[in-house]
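Labels run A, B, C, D and E following the written order; every chain starts at residue 1.
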Amino acid sequence: MLHRRIYQFFIIYCLGLSGLFAFKYTLGLSDYVIPSPTDVWSTAQEYLFPFSMDVLDTLGVAVVGHMISICLAAVVAVIGGKANWIGSFIKMAAYNIQAYPIVAVAPIIFILFGDGLTSRLLITAMICYFPLLLSFIGIVSQPVPDIEHFYDVTGQTTWWLPLKVRMFENTGKLITVISGSATVAMVGTIIAEFIAADAGIGYRIRIALYQSDLSKILVALFLIGICTSLYLFALEFMGKKIQQRMDVQ
Amino acid sequence: MVTDLKPYSEADNYKMHIDLKGISFRHEKTDTLVFQNTDYRIQGPGFNAIFGPSGVGKTTLARIIAGETRNFNGLVDKMGTTRILYTYNMERLPNWSSLGEHFSAVSGASKKAYLEEIIDIFGLGSVINARFSQLSLGQQNRANLTRYLVQDFDVLIMDESLANVDEATKQRIILKIKQAFPEKIFLYISHNVVEVARFCKDIIVVRRPNRQPQVKTVSGFDFSGKEEPDQQTLEHIMLEIMNAS
Amino acid sequence: PSGFCGEPLTEINYRLKWLLNTSAAGDIYADRGGYFVENGLRVVVKSGGPERDPIKELELGRAHFGVASADQVIRALSKGAKVKVIAQLFQINPLQWIYRPDEITVSTPDDLKNKTIGITFGGIDENIMKAILAKSRINESQVHLYSVRYDFTPFYQGRVDLWPIYRNAQGPIIGARMEKAGETVGYFNPDAHGIHSVANSVITSDEILRDQPELVENFLSALLKGWEMAMDPDNAEKTIAMIHDADRDTPLAVIAEQLSLTRGFIQPNPDIPIGRIDVEAWKQTEQMMLDQGMIDIPVHIEKALEVR
Amino acid sequence: MLHRRIYQFFIIYCLGLSGLFAFKYTLGLSDYVIPSPTDVWSTAQEYLFPFSMDVLDTLGVAVVGHMISICLAAVVAVIGGKANWIGSFIKMAAYNIQAYPIVAVAPIIFILFGDGLTSRLLITAMICYFPLLLSFIGIVSQPVPDIEHFYDVTGQTTWWLPLKVRMFENTGKLITVISGSATVAMVGTIIAEFIAADAGIGYRIRIALYQSDLSKILVALFLIGICTSLYLFALEFMGKKIQQRMDVQ
Amino acid sequence: MVTDLKPYSEADNYKMHIDLKGISFRHEKTDTLVFQNTDYRIQGPGFNAIFGPSGVGKTTLARIIAGETRNFNGLVDKMGTTRILYTYNMERLPNWSSLGEHFSAVSGASKKAYLEEIIDIFGLGSVINARFSQLSLGQQNRANLTRYLVQDFDVLIMDESLANVDEATKQRIILKIKQAFPEKIFLYISHNVVEVARFCKDIIVVRRPNRQPQVKTVSGFDFSGKEEPDQQTLEHIMLEIMNAS
C-alpha cells in the first residue's frame, strides 16, 4: 500500500514534469521560463537535503495544526449542528470567517497573536478546519432515527448521544475526510509560512518565487508531495485499524 | 363477543385508559386517508393486540397513541398512562458496545436482576457479548425489545417487534411479559392471527377508513401459561377476528 | 502614424512590474494621453505583481514590452532569457528603509549595527542591504535581519527598526499615517550611500527588437513622451487625475505627494533625459549579484542594454 | 431566514470589530496599528460603494468557479471512488495537487494559461473543489447494501447506479457540503484576484495591504461577509427546495 | 416422513438440484460456529421452506447457497440452478422514483403483463405512485418481492420476505407464486409453522450445529389452492416439524 502510494506519486510527479518539459521544448522556451532538466537535477542535488529538513519542519506544524483543526471542526460542528439560534449563529460565524482570505485576516492575526508559532498554527487551522467542518456538519445534522428513537422516547438522550450515533454510523466517511484533510493541513501550514515565517518549506517557496526560480519550486513540490503522501498514508492506515477494531469488538 | 366500541361506565374513567376521540389522519404528501373520525378507548392493563391487513394503519395508529405523530385531528386523552413507549422492529442498537454493555447502560440499577432474567428467557445469553450488527434478525428483534422492557412505562406498543422470532421463543417471551407486567398496557402489533387470538386480551381490529366503525374489538383468549385454550374456542376467536377485519 | 490611415492597430501588451499606481505615472499618461494611439499602437497596459513575470511573458509571446528591475533582468539573462533593456525609468531606486528618528539614528551605514532590519529574503532589498553591509564592512552577525512579509505589523509594533518600503509609493501613505499618530519618520536611502541598484526599466525581447525596430521605436517614443508629460510639474493636475482614475484606492492628495517624489527618482536632475540607461548602475547591480552568489557567472549586462 | 442570516452576520462583524477596538484601546495602540473607529467609519463612507461593485464582480467569478468545482469534485470522486488502480491513482493525484500551495503553483498556471479569466477560474476551482471532493469521496465510497443488493445480484448494476444510490441517500449531506463550500469558492476567487487580477475585491485587498490600510481591509471584509452570506443563503434555500421536492414526489 | 437426507437416485443427478457437501461455517469475528460438516440436497422445482429457531443459521445457509457468503468450507454443487437470487426483508427500493416507475425500470418488456398481474395480486395497486419511504412495512415487503419475481432466476430465496404481511395477502401471494413458477425452486424462510406446513413441499429444518444431521427434511402439504388440507394432516406435519427442530 505505502509502496503503491509512493510510486503513484512518482508517476504523477514525472508526468507533470514531463509535461512542463514538453511545453518548454516545443515552444523553445529558455531556461528562465521553464528550467532545463539538468538545471532541475542540479538544483535537486543541492537542495534536496536542506529542503527535506524544511518540509519535515513544516510537517511537524501541519500535524499539530491538523489536530487542532479536527478538534475545532468537531466543536463547531457539534454546536453549529444544533437547530437553535446559538447553533445557527455559530455556524454562520464559522462559515463567515472561512470566507475571508487568509492574506486579509493575517495582519489582524499578527497584531493579536504576534508572529510566533501560535499565528502559524492558527492560520493552518483556519485553512484546514473548514473542509472538515463541512463534512462534520453534514454528518452531525442528519439523524439516524432507527437508532436514536429509543433514546428519544425513553428520555435518555443527552446532547452528546445523537452526535455519537451519527458519527459512529458515518465512521467511514469521517476517516476519509479526516485523513484526506491532511493535505489541507499541509497546504495551510505552507501558506502560513509563506505569509509569516522564516522557516519551513513555505518560506523557501516564497524566496524561490521572488527569485523566479522554478527549479527550486519544483524540488519543493516534489518533497511536499512525498511528505504529504506519507502523512496521508499514515492516517489512512490508522483509520483502517480503527475501523477494523470497531468492527471486531 | 364483537363490540363496536368497548362499553365503559363512568367509573371506568378513573382507571387507566387511553381515549381516542374523533381521530382523523391523512398522510400529507400522498394524501392517503388513514383514519376518519375514529373513536376508541383502550381500557385498563393487559396484553392487547392491534390487528389488521397490511397498510391499513396500525403503525399510524400506534404512533398517534404514542404521541410520535402529531399532525392528526382529534384528541388522545390519557389517564394513568403518561409514559407510552413505542418500539418497532426496524430499530437498531448502536454498534459501539456489546449487547450486555448496552443493556446495562440503558437500564437503571434497580432493574439489574430483572434484566438478567429477560436476557435468559429471550435466549440472548449466547450473544450477550456480540455487537448488534453480528446478530441474526430475530436476535436483533429480541435485543431491541429487551431494552424497552427495562424502561419505565405505562404502555408499551410493540410494532411487529417479534415478527422475526420463532414461535417457541415468542411464546416464552409473551408469557414472561404478561407475568412480569400485569399492571401495564401492551399493544402488540402482529400479523399472526393464531398468536393474537391466543395471547391477547383485547384485539383491536383496524379496518379501512371507509368502514364504520373503523376500529372494532374482539376479545382474545388471553392465555397466560396456565390453562391451554381448547382448539374450538381459539378457532371461534380467529373467525371473529377475520369477520371483523 | 498608421492608426489614422484606417489600418488596424495591432494589439501590444505592456506588462508592468507592479499594480497601476504613481510608479507607473508615465505609462498611464502615455496610455490615457493617447500617445500610443498617435504612434499607431493599441497598447494594453497590464498591471503586474511578483506572480506575473514580464520576462516570461515576453518569451511566451503574451507581452511585447514589460517593466522589470535590474535584478530580474540579470537573473533571467543568466538563465538564457533573450531580453533587451530599452529604457531605464527610475534613475534612482526608490527602495528605502523607513525608521523612527525619535528612537534611532541612521545617518550612516555604521548606524545599522545592532539594529533589526527588515528585508525580503530573495527580493532586491536583500541584495541592496547586503551590499551596503559588505561595502561598509559590517558583518551580517552585527545586525539582525528580519524576514518581512505583506503587513507592517512588526515594524508598527517596534519589533523591527527599519522596514523596506518604496519611498515614492508607500512612503507618503505610511509616513503620513505615522505622523498623524505623532511620530517622526525617517528614510534610509541606499543610493545616498553609493549603492546604485537599478529599478524599473523597460524591456522587450531580442526578437521584437531585431524584427520590429520601428515598433520598438514607436512604442518607446510614445512611452517616454508619456513619462515626460507626466513628470512635467505643469501637467501635475492632469497627471494626478489620470493616475487616480487608474488607482482609485489612493486619495488625490496622496497621489500628488507620490508624484512629486517620483519626479526625483525619474529625473534627479534636468540634465538626465528621461529613460536614460545608466550603464554603470547596471554593472554595479550585476557585480552585487555576482558577489552575493545570486548569479554564477557574469552575464555582461551591458550587452543587453540598448543605449540610445 | 435571510433576515436572520444578515443580522447574525452584523452581530459577528460588530463583535469582531469591537474586539479589535478593545484591544487597541487597552494596549493604547496607535491608529496605524489598528485604525480608530472614526477612521474606519470615514473609509467605509468613501469605499463602501466602489468596493460593493468589486465584491459583486468577485461573486460572479466565484459562482462560476463554484459550479466548475462541483463538477470537478464529482468527476474525481466518481473515478477516485473506484477501488481499482486507476481510481486510487486519480485519488492520489487529486490529493497531491491539493497539497501544493496555490502560491507555488500559480507561476506554473500563469505560464500555461496566461493571466486571463481561465487562470482565475482555475485557481478558484482548485481551492474550492477539495473540500467538496473529500465529502464526495466519503459518500461515494460507502455502500448502501440494503438498496444496492438487488441491482448487484440481478446484474443490473451499472457503474453509475451505486453512485446514484449513495448520493441520493446522502442528499442532505451533499446539500450541506455544496452550499457550505460557497464560502470556499468566494475565498478562492479572492485569492485568485489577489494573485492575478486587475479587478475584484481581492485586488483591492492587495492594494490595501500594500498601503498597509487596515480600515479598507475591514470594509472589504464586511462586504465579503455580507455577500457570502447572501450566496450561502441562496444556495441553502435552493437546497431546501430540492430536498422538499424530492420528498414529495 | 422425516428423512435424515433426502434420498436420491443416480438419475436424480440430471434434474435441477443444489448439493451442499460438507459445509462448515464459522463467523470469523465472533467465532460463532453455524454449520459443521453439513450435507444436503435441494431437489427439483417446488416451493420449499427453510425453518428453524431464530439464530440457528437460516440466513447464513441461504447466503451460502446464493453465493453471497464465500468464506465457508465445503462445496455447493449446482445443477440447472445457475441463477440463484436471494432477497431479504430489510431491502429497500431507491426513493427517487415511484413504485411503478421502479418496477418498469427493472423488469424486461416481456414481463410487463405479468408484472401488472403481480402488482394486483400483491395489493400494491393503490400505492403504485408512492415512493418506497411512504409505504407501510408490509407494503415495503411486497414491493421488494415484486421486483425479484420479474427477474430471471432458477432459484429464489425469500428470507422472511413476507414477514410483515397479513395472512390473507400472504396466502394470495404464495399461491400466485406457486402457480406462476411451477418449474422454479423457491426457498421460503419463515417463522410461521402453520404457513410452512401448509404451503411448502419440503421443509428444510435447520438445527443447532451440535446435532447431527444438522439439516433435516419434513414434507409439507404443498397446498396450491385446490384441495384444502384437513386439520389433522396439517397438525401432523406441524408436529413433525417441531420434533425435527
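Please note the rule applied: a residue touches a chain if its C-beta (ideal position, glycine included) is under 8 Å from a C-beta of that chain, and two chains touch if they have at least 3 such contacts.
Not measured: the values here are computed from a predicted model.
Asker: Which chains make contact with subunit A and with subunit B at once?
Answerer: none
Asker: How short can a chain-to-chain path be from subunit C to subunit E, counted in steps between touching chains?
Answerer: 2
Asker: According to the touch definition, list the chains common to the neighbour sets of subunit B and subunit D.
Answerer: Joint contacts, listed by label: A, E.
Asker: Looking at chain pairs D-E and A-C, which one is connected by more C-beta pairs in contact?
Answerer: A-C
Asker: Please tell me the distance, in whole Å, between the geometric centres of subunit C and subunit D computed from their C-alpha atoms.
Answerer: The separation of the two C-alpha centroids amounts to 36 Å.
Asker: With chain centres defined as C-alpha means, what is the inter-centre distance between subunit A and subunit D in Å?
Answerer: For subunit A versus subunit D, the centre distance works out to 15 Å.
Asker: Go ahead and note the Å separation of the Cα centroids belonging to subunit A and subunit E.
Answerer: 51
Asker: Roughly how far is subunit B from subunit E, going centre to centre by Cα mean, in whole Å?
Answerer: Taking the average C-alpha coordinate of subunit B and of subunit E, the gap between them is 28 Å.
Asker: Which residues belonging to subunit C are in contact with no fewer than two other chains?
Answerer: As it turns out, subunit C has residues touching two or more other chains at 51, 53, 56, 60, 150-151, 153, 157.
Asker: Among the residues of subunit D, which are close enough to touch at least two other chains?
Answerer: 33, 103, 107, 111, 206, 209, in rising order.
Asker: Which residue numbers or ranges of subunit B touch two or more of the other chains?
Answerer: 29, 90
Asker: Among all the chains shown, which pairs meet the touch rule set out at the top?
Answerer: A-B, A-C, A-D, B-E, C-D, D-E
Asker: Which of the residues in subunit A come into contact with subunit D in the complex?
Answerer: Its residues touching subunit D are 4-5, 8-9, 11-12, 20, 23, 33-34, 88-89, 92-93, 95-96, 98-105, 107-108, 111-112, 130-131, 133-135, 137-139, 141-142, 170, 172-174, 176-177, 180-181, 183-184, 186-187, 190-191, 194, 202, 205-206, 209, 212, 214, 217, 220-221, 224-225, 228-229, 232.
Asker: Provide the residue numbers of subunit C that touch subunit D in the complex, in ascending order.
Answerer: 19-20, 46-47, 49, 51-53, 56, 60, 62, 150-153, 156-157, 169-170, 173-174, 177-178, 180-183, 247-250
Asker: Report the residues of subunit D in contact with subunit C in the complex, numbered from low to high.
Answerer: Those in contact with subunit C are residues 30-33, 47, 50, 103, 106-107, 110-111, 114-115, 195-196, 198, 203-204, 206-213, 216.
Asker: Quick check on the complex: what are the subunit E residues that touch subunit B?
Answerer: For subunit E paired with subunit B, touching residues are 27, 29-30, 32, 52-55, 57-59, 89-90, 123, 126-127, 129-130, 134-139, 141-142, 160, 163-170, 191-194.
Asker: What part of subunit C is in contact with subunit A in the complex they form?
Answerer: For subunit C paired with subunit A, touching residues are 50-51, 53, 55-56, 59-60, 72, 75-76, 79-82, 120-123, 146-147, 149-151, 153-154, 157, 294.
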